[in-house]
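Each of the two complexes below includes chain A, the first together with chain B, the second together with chain C.
Then we have the complex of A and B:
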């Protein structure tokens, strides 16, 4: 922030203070979490000495491992199925004219704009009363896919508008049948959109609490659900440890990414 | 009895294509001879691109037949037809190299790798882009991309090459160069071209036969000289840039000539046109270079002599574009006065002159 000379010392101080406050509110909880994940105190509330015991416990805690695995599997399946369905849906919406197209579009928008609580409750009622779907992996997967497909569809739809579609015709003209054209031309061209939707869906699915809470039933736990249930029993440093891992990983990832980017653009020059 | 040699490479029989609310191609029939350049010329929306796409198989027709080498191909999908399209956007695959682009069609035909490499190299030689195999489309200039698109289609040795306004995205100078290039390559390979353009100069330069299209129908088919020198209708004359179009009705005829009277009262003589196909004569057109300017004292007796006043003279290099207003009609005529002649005659704006052209220069327009 570079205020003009006319702003004066006072203005600059105020601006700096506000900026600092903003950062404090964003980062303080995270820093506390990270710090106290290393604290010996059983509740992770004040400092009692450095320890790595909570991380050790994480490694041996079967429930956490199980929940993590569930979350990863659900997110991975959601990404794959949703991007595939989303691609087909985007293609259909972009290229074909059919009756009820507007209805389809609105229908796709709904899961994104409806409150997750509403979706969760509705799905629970649906799975219990209307169609008997066992509560657990099946219901969680269906729920996650249902709200991920619209996301993928619209992201990929945006990408579709920026593609020169005579490329598809050229492929056919040169002798490629429909499947080959999809494999060699359409999917590679849509890839940025597909990757973008995967990048949106994976964290969304992994992180989801509300809808998953409603449809998970008793036997299955995703990681957020596990954390949620543990927190209800009282604060625990294990939660801090989990939190620390999920702060560290993306941060390292981002740092590496930025370093790679500047390397690449540096080279290009 | 048709022998093999006279069979047209491409034939359309009463082809109809409808879209909601309009008939894009309205009972079009045409024949394209092997090894020739056949151009569909017309303004935007006249149906020329749709016709091309029907031949390519990118659109399905509603009525009629498309025949390639004598065989009906109506239901054959585009990837099985023996023709190749050059798209207006060129449609080079951006995520592939030049070599991969050109090889694409060959790969689909399961041609062995070594053969593909050889043929790609030969093609790049033909289009004068040797050594460009590893480049990507976004690293090429407009003219280079053109050539790659050509190479990509020609390497498949199709029976017909379909070109959809291929030079539209190029600047003027490059367009002229590419016209020459296209002609050269076409002659060298001997392939049949179906060419679509809205640029009349391009059509004249490139074509063996031109078909002018308007609102889904063919209005005139002929060699470039015919289309330019003797356009059959006002629409074509206007589209080809003929400057002097005079509407009128026939008031007398005889001795192989007809006399027309325009709305403004000008009496124009033209040579009788026998094959009118039952259509009515609607006027005439005269090319500016065929109009003669004479001093007033040359006299008004004779055919097609009119008094007029010079409104404007614009120097164009080898000729002077001269606009004359004819009395009594006030009709504007454009004449191209050769610069050399002007140094002798020394006409100037505001001067009264005699405008003359011979009856054989009056091109009859029908409707």
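Then we have the complex of A and C:
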């Protein structure tokens, strides 16, 4: 859509100012937060001169390290298991017609669209009253895989519509067995989808607080649960410093990544 | 295609996920419906005496008011997000040029990666000793700090702030996929900008609006962290009570009736979304 000549210059300026205001609304609180992570103020609420002491405290805080490790393990396992299950499911949904297909698709939507508070509460009731799975790593992993599997399935399903399936037939015609065809043809073709699904699931799982809060029990703490407990205890610059990890790093990473991509696609032209 | 290989040939592929969903999503959701009609016993136990008391409780007094307020907050959040999000997505598509993707990511990334941190940033800015009060004090605009937190506006701004990106994303996708030749055709036929918008752009991006509504209304409906951190104990929402009954008070039947009511609203929303938006709206959710 190109701006038409009839749109007045004034209109375009107003539009851009409002657009900029939208970004200020979204980013100002986060920027203030990250800025004060470098301030000497004991509560991270105001500027009192530059310091890196909160980052030093963050690095030496054993609880943060432990929580970060737990979060990384949970997110990694969720990515691997749900990508594997999701790839299979996407293949089945893409290739075959069967009764109940629509039900499976709607069923896959449920864990994504249900409020996390309902999913968390239902899983807690299920774990504590029916199957008695220990609350901790097992329950957290099951919960995270439950909301990640649909994401993996839908992302990979989207990729399947775009690949050349005659390669699969060619592989079979040349005598490759099913496993070889999957290993050498299907998975490599699906790789962009698999990477996209991992890129979606990892932060989703890493950032989840509500579902984890319900099913974590008392012994296991992920990084968001640690942040949550710190926030409830009152303002602290440590939270600002952690905010840096959650806001600045992914943003810088993704912006660099898109700039790189646009350069690559620019070179192709 | 491969159907002649056998009737259940899809099972090894779709089977594991279906089983997982039945076991860990469908099962637990049915379970809370079942628990919602049982009687709470002492010390967090559940007695097998059927009752409708948990549902009558939802309609009475404090919880009933909170449930109504939750519906209002979620609809209000959705409306505000639509009013801010649609123009935002529109301008990104229209003026973004080659920065389009980057501009979109700048809206979406913080919401993917920093749910708690973003709510905390609002809390620390609006707080009694927060940035806003200190700034206003040092500028001499106020003489004593304002009570900005723990109020309805604080909770509402937190909800809008948290869920806005989920409105922008599907609307952006719908607008970006819009065929520009349709707009040119409308222009050639003499349609004014407003007419072009209301007869071409808006109807063709309906799927995006519906998907955005599902993605904003539903999580706002179940939010309990925004009311906890920005509403203090004063402005509670339904999610606050679900959390209280399941974790704090260990009264699972009562929490279940509330969670079931929320689920019913969600399913109704999904049904309406599919009915009016069709498959397109469903696909835009992802």
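One rule holds in what follows: the second predicted complex is superposed on the first by the 232 of 269 C-alpha atoms of A that agree within 3 Å, B and C clash if a C-alpha of one lies under 4 Å from a C-alpha of the other, contacts with A are read in each partner's own complex, and residues count from 1 in each chain.
Here is the rule we use: a contact is a pair of C-beta atoms (placed from the backbone, for glycine too) under 8 Å apart; a residue touches a chain by one contact, two chains touch by 3 or more.
The structure displayed is predicted, hence computed values, not measured ones.
J.: After lining both complexes up on chain A, report clash or fit for chain B versus chain C.
T.: fit
J.: What is the value, to the nearest 10 degrees, of the angle subtended at the Cα centroid of chain A by the Cα centroids of chain B and chain C?
T.: 100
J.: Of chain B and chain C, which one touches more of chain A's residues?
T.: The larger set of chain A residues in touch belongs to C.
J.: Looking at A:155, would you say it contacts chain B, chain C, both, or neither? Reply first, second, both or neither.
T.: second
J.: Taking the superposition as given, does A:16 touch the first partner, chain B, the second, chain C, both, or neither?
T.: After superposition on chain A, A:16 lies in contact with chain C alone.
J.: For A:146, using the defined touch cut-off, is the partner it touches chain B, chain C, both, or neither? Pick first, second, both or neither.
T.: second
J.: Quick one: classify A:104 as touching chain B (first), chain C (second), both or neither.
T.: The second partner, chain C, only.
J.: According to the stated criteria, A:185 is in contact with first (chain B), second (chain C), both, or neither; which is it?
T.: First partner only, chain B.
J.: First (chain B), second (chain C), both or neither: which does A:54 touch?
T.: Neither chain B nor chain C is touched by A:54.
J.: Is A:169 touching the first partner chain B, the second partner chain C, both, or neither of them?
T.: So A:169 only meets chain B here.
J.: Once both structures are overlaid on their shared chain, how near does any Cα of chain B get to a Cα of chain C? Whole angstrom is fine.
T.: Superposition on chain A places chain B and chain C at a least C-alpha distance of 7 Å.
J.: Under the definition above, what is the set of chain A residues touching chain B in their complex?
T.: On the chain A side, the touching residues are 164, 166-167, 169-177, 180, 184-185, 188-189.
J.: Quick one: in the complex, what on chain C touches chain A?
T.: That would be residues 1-3, 9-18, 20-22, 24-29, 31-32, 35, 46, 84, 87-88, 91-95, 98, 101-102, 105-107, 109-110, 112-118, 120-125, 127, 129-131, 134, 161, 164-165, 175, 178, 180, 183, 187, 193, 214-215, 218-219, 221-225, 229, 239, 242-243, 246-247, 252, 255-256, 259, 262-263, 266, 270, 282, 285-286 of chain C.
J.: Which stretch or stretches of chain A touch chain C in the complex?
T.: It comes out as residues 1-4, 6-7, 12, 15-16, 18-19, 22-23, 25-27, 29-30, 32-33, 36, 43-46, 85-86, 88-89, 91-93, 95-98, 104-119, 121-126, 129-130, 142-143, 145-146, 149, 151, 153-155, 158, 203-204, 206-207, 209-210, 213-214, 224, 227-228, 231-232, 235, 239-240, 242-243, 246-247, 250-251, 254-255, 258-259, 262.
J.: Provide the residue numbers of chain B that touch chain A in the complex, in ascending order.
T.: On the chain B side, the touching residues are 56, 58, 77-80, 84-85, 87-89, 91, 93-95, 104-105, 108-109, 152-153, 156.
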